[in-house]
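Two complexes are shown next, each including subunit A; its partner changes from subunit B in the first to subunit C in the second.
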Partner chain A sequence: MIRKILNDKKKAPWLFIAPFLLLFTVFKVGPILYSIFLSFYKMKGLNGGEFVGLNNYVDLFHDSNFIKAVVNNTKYMIGTMITLIPLPLIFAVLLDSKHCKGKTIYKAILFIPSLTSLVIAAAVFKILLYEGETGIVNSLLGLIGIPAQKWLISPGLAIPAVLLIATWRWTGINMIYFTTGLTGISKEMYEAAAIDGANMLQRFYHITLPLLKPVIIFVATLNLIGGYQLFTEVYMLWNAGASPDNGALTLAVYLYKTAFSYFKLGYASTIGLVMGLIILILTLVQLKFTGFFKDEV
Partner chain B sequence: MKRKLLILCLICTLVISVSFILSGCSAGNKEGSKESASSDSAVELEMWTFVNAHADYYKKKAKEFNDLHPEFDFKLKTQTYPYDQMHDKLNIALQTGIGGPDISDIEIGKFPGIVANNKEGLVDLTSTVDKYRDEIVEARVTPYSSNGRVYGIPTHLGTGVMYYNKELFEKAGVSPESIKTWEDFIKVGKKLTKDTNGDGKIDQWMTGVPTSDFMTFNVMSNQLGSNVFDKDENIILNRPENVKVLKYMQDLVHKYKIANPIPLYDDQNVYRDLNDGKYAAVLAMPQWYMIRFTEFMPDLEGKVLVRGLPSWGNEGTRSSTGGGTGTAIMATTEHQEIAKEFLEYAKLTKEAGVEMWTELGFDPIRKDAYDNPKLYEPIPFFNNEKVMETISELQSEIQPLYLSGLYAKARDIINQEVLFNAIENNKDPKKLLDEATKELKEEKAK
Partner chain C sequence: MKKNINLKKISLIVFFSFVCFLFIIPFYWMVVSSFKPSGEIFTSQLNLFPKEPILANYINLFKTPFVKWYLNSLIFAGGYVFLGLFLCSLAAFAFSKYDFKYKNIIFIVIVAAQMLPIHIQIIPLFIMLNKTSLVNTYTGLVLPMIANPMGLFFARQYMIGIEDDILNAARVDGASEWQIFYKIALPISRPMLAALAILFSIEAWNNLLWPLIVMRTEKMFTLTVGLSSLIGQYRPQYGLLMAGSFLAVLPIVLFFLKMQEHFISGLTAGSIKG
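Here is the complex of A and B:
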């Protein structure tokens, strides 16, 4: 029997991915289906709920906190697109240049933040972002004549503060993606372009950027997904995510609070599902927009 | 031959991973059966807490308890988790009925939510607490009660007090003793708020007003007998007393300009500022804030004065309370009676009351513990004063604190919206509290 399946080219692969599929179904698909079910209920704890139909969904779109969270996540996501694509790309190109000495040291310096525990990083950033004039970030701003900012207090600065951490933390990883992409570009192309008289900027625009496009799309997709899943930074910077005037309230923080502080598991499931849908739709739109689904010519 | 070997390897992997999944599923059951099969004389209880010092205290008490009861072998396994993680884990354990401890500390802010949603998950401790009703401060039992039943044993009193920086007061030539009312506080505050280095900016403030932590607000409103909920869990957040307190906090910053907004007192930046003498007073925080001084503000050694809260004139009292931790027993425990007996021994006896102070530095809930001379040893850090003398004078008038299942939501709204908009943005306190009350009432109706 087994021998027969193993020799069957169509069935054998299924047998081998069965363990993964089994785990995936039990621990991923199961909970997702269950949360769809929960989202139609008003739950009191895990036991005993009351069927409320689409009420949770209706409430959600009238919930000012939810809307605030979507706006905050979107701001953050756009911010990461602005900082976390160009910066790592520039670093990657600079480090790829043959004029650069001590590459490994620079790479290590840029990569270390990704390895740092976020708990410690957030504690350090709390000191850096201290709102007084003696705060380190504020002192630096003072040097260029910008008055001290209330970083972690003023709601308008909450997302920029999180962006600052995100940039510090993820530049290294994104740089690695770009570096890998760069090594795939043949040096001959640059040489040929140089012979034709193209300067450095022209070479960057006409060779590096187009050839790195798949990597850029990949990083942008990661930014988008990460942007809507933002949780730990906010949770750590403010006391369990309690940012003033909900300036840094994100979908994930709101979901967490709804489920574990307010015990509204049905409503929390609704938030989770809608959050998943937002990510899915935006990712598909983005991939479509950037031509990811087109066949390679 | 090679192909056969490959297939064999793959099949082995498959079998191992499948059996791993199955064993994962059944592990829970195995553990359960082992526990019930253990001998009757061994009692091992697991306890969760979110404070290391609590764990050490309970371990010490467990040893003593074991010596008192030679008939069984008592062991306490303590597990300390970070604050939020512990409460989340406990919640899930209570909801699912598996994987929880036998005993657990639950912070006051999390307690009402847990009780409202898992009443049957916690053991009713009313009979245990009833034995000590006359000896303990009743006001501290109400936060851990629901419909007259007690589900948690309080840890400390959390008396609301003021902390003054003696050095700064002396420099300004005023005495903290002259502050009898909140009016006096403003008068004295004007003398202590100044620009010390002459750069045109104020760098020494009378106090800091928290914009994202409602402990201070809670302590001051409790003085007036008010709070977020009344005895019957009605929302009373927009009561005139609360408006008065919020208005006062706002005025300190905007009208009298003697206070600087701070995020919260439990914050590393604020510890540093206090340590550096940026603030002359800590505004209405509970007694347990003393521990923050000794732990995080070494430069203030010998300079901190602990005093009672100023009064609201003819209204209210000088006493108040804030914060707290209740210890609960999970209904899933196999040794309910022994767990009760242990908690009684570790938390409710007179001896335990004294040790709350000597071991943990908390003001005890046992009234008669205040007779013990051990509480009145002078503390060098706090100007060599007998701090407990001040506290014991205040404890008699403490007003009870009533909570409800909506407490977590209320706390979030006050922390994130009300305080911030009142103190940072100078918005109308009455309007803010009315809005918050409306939001909470809508939430309750849902």
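Here is the complex of A and C:
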């Protein structure tokens, strides 16, 4: 029977996609629908609950923790846009210069943090960010005359602390994305521009930036999606995500706590769905705003 | 002019040496701290080297189920890579080289679903795994993850480039559709498979949230969950954590240094539009 299908060019593709489609339906589509269903219930443990209509959604928008989490995620996301696009871009452009020696070593060193588990990155930074004057980050700041900061204690520094980890962790991989994009730009174009008297900044602004636009959009999209999924760093830096005054409470941390510490599974599903909706809408808006869909035609 | 170029060269070297110095600090501090007694890690003195290097952290680390965590992470990554690649490339082959009804709609739905974060599925998945007794099992850890839309997408991008003539020639020779996939399409796709394998294994090796939810007993923890449990407890054990972190990072870094090009092409597979 199966042998017969495998010889049939019309039926074989269905058999080929069947395993993927089956698991995709059971573990992706099913849970998403189930999640919508759960969001209308007040669950009692794992078995059954009480139908509460839209109450979970109404509660969510009056929930100061939820609002705080959205604000924190947004702050973090904007922070990554400010650090994780210009910095890797500048590094990539400088590495692309023919005057740059030792590129391979620099690239490897900057890239290796991207291979490090966020659990480990956060664990090390927990030590580096020690609030005493002898903390490594504080010592380095001391060298340029900035006083020691209470990194993991003061609520206002919670997001900057996470951003510091993000910068260490993602600069390398974003730099590689930009480097890959730069190899697509022909050197002759720069030379021609140089002959026409364009200086370095003009060349960067009029050639590099426009041609790298697809890569910039790609990295910005990653920042946006990643920004709203922030979990591991916060979970590690503060004991299971209990940051001071909820200064780094994020949607994913709040969802995790609601579900697995308070066992409010219906409410947690609502958090997950709204989180998904935020990511979906912002991604689409961003892609439309940057003209991504026009390029496709 | 010559002077100018030398100045450029030197300033670039200075600049990147400084940046690289900053980026190495966390690794240096991880290794150094792993040889310090826990009391010396946070002190009022800045010790760039351990006063008296000790191995106690490593010895104590092996008194925890660290080896089991390592093994569990390997099983997770291995299962995810092996089954995920098989599933994705098989489906990708159908989507790239055959015509069938609803093909485009099915494909768009799958890829669009990738935009939704896993957080939406997590609670339903947890309930499902509980009801089927798959919580705290390798099957429960791996199975829900392997139908990866991103993997399907990249595999399809690559397989579209396979020449139809080669496939048709095999058909004329009497090969079945399965043989065409297994004996022709898969071997041709080796670079794509290597890239995806790297991507998948790093993803599995580094993931915290999913194994944190599925694996409930200490013996079943993956490395990430196990390491996080070392500071989650009443008495945080930073020395052990640093020793464990070092041993967890080491194989990936060595592997990377050996296969740098593969790594980079794997991780950038997403940024290049096909």
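Simple rule for what comes next: the second predicted complex is superposed on the first by the 275 of 297 C-alpha atoms of A that agree within 3 Å, B and C clash if a C-alpha of one lies under 4 Å from a C-alpha of the other, contacts with A are read in each partner's own complex, and residues count from 1 in each chain.
Definition applied: contacts are C-beta pairs under 8 Å (C-beta built on N, C-alpha and C of every residue); 3 or more make two chains touch, one makes a residue touch a chain.
None of the values given here were measured: they were computed from a predicted structure.
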Joint occupancy of subunit A by subunit B and subunit C, clash or fit: clash
Touching partner for A:Ile136 - first (subunit B), second (subunit C), both, neither: second
First, second, both or neither for A:Ile109, with subunit B first and subunit C second: second
Partner chain(s) touched by A:Gly156 [first = subunit B, second = subunit C, both, neither]: neither
Partner chain(s) touched by A:Ala268 [first = subunit B, second = subunit C, both, neither]: second
Superposed model, subunit A: greater residue contact from subunit B or subunit C: C
First, second, both or neither for A:Pro86, with subunit B first and subunit C second: neither
Contacts of A:Tyr228 with subunit B and subunit C, given as first, second, both or neither: second
Which superposed partner A:Pro244 touches (first subunit B, second subunit C, both, neither): first
Contacts of A:Ser97 with subunit B and subunit C, given as first, second, both or neither: second
Touched partner set for A:Phe260, first subunit B, second subunit C, both or neither: both
Region of subunit C that runs into subunit B when the structures are aligned on their shared chain, from 7-15, 169-177 or 187-195: 169-177
Those residues of subunit A which subunit B touches in one complex and subunit C touches in the other: 6, 16, 19, 23, 46, 123, 126-127, 130, 132-133, 239-240, 260
Residues of subunit C that touch subunit A when the two form their complex: 5, 8-9, 12-13, 15-16, 19-20, 23-27, 29-30, 33, 41-46, 87-88, 90-91, 93-95, 98, 100, 103, 106, 110, 113, 115-117, 119-128, 130-131, 143-147, 149, 152, 171, 176-178, 181, 202, 205-206, 208-209, 213, 223-224, 227-228, 231-232, 238, 241-242, 245, 248-249, 252-253, 256-257, 260, 263-264, 267-268, 270-273
Subunit C contact footprint on subunit A (complex, rising order): 3, 6-10, 12-14, 16-17, 19-21, 23-24, 27-32, 34-35, 38, 46, 91, 94-95, 97, 99-102, 104-106, 108-121, 123-128, 130, 132-134, 136, 139, 168, 171-173, 176-177, 180-181, 214-215, 218-219, 225, 228-229, 231-232, 235-236, 239-240, 251-252, 255-256, 259-260, 265, 268-269, 271-273, 275-276, 279-280, 283
Partner subunit A, residues of subunit B touching it in the complex: 7, 10-11, 13-14, 17-18, 21, 84, 87-88, 91, 95-96, 110, 113, 116-118, 201, 211-213, 261, 263-264, 266-269, 273, 405, 408-409, 412, 415-417, 420-421, 424, 446
Footprint of subunit B on subunit A - complex, ascending: 2, 6, 15-16, 18-19, 22-23, 26, 42, 44-47, 59, 123, 126-127, 130-133, 135, 152-155, 238-240, 242-246, 257, 260-263
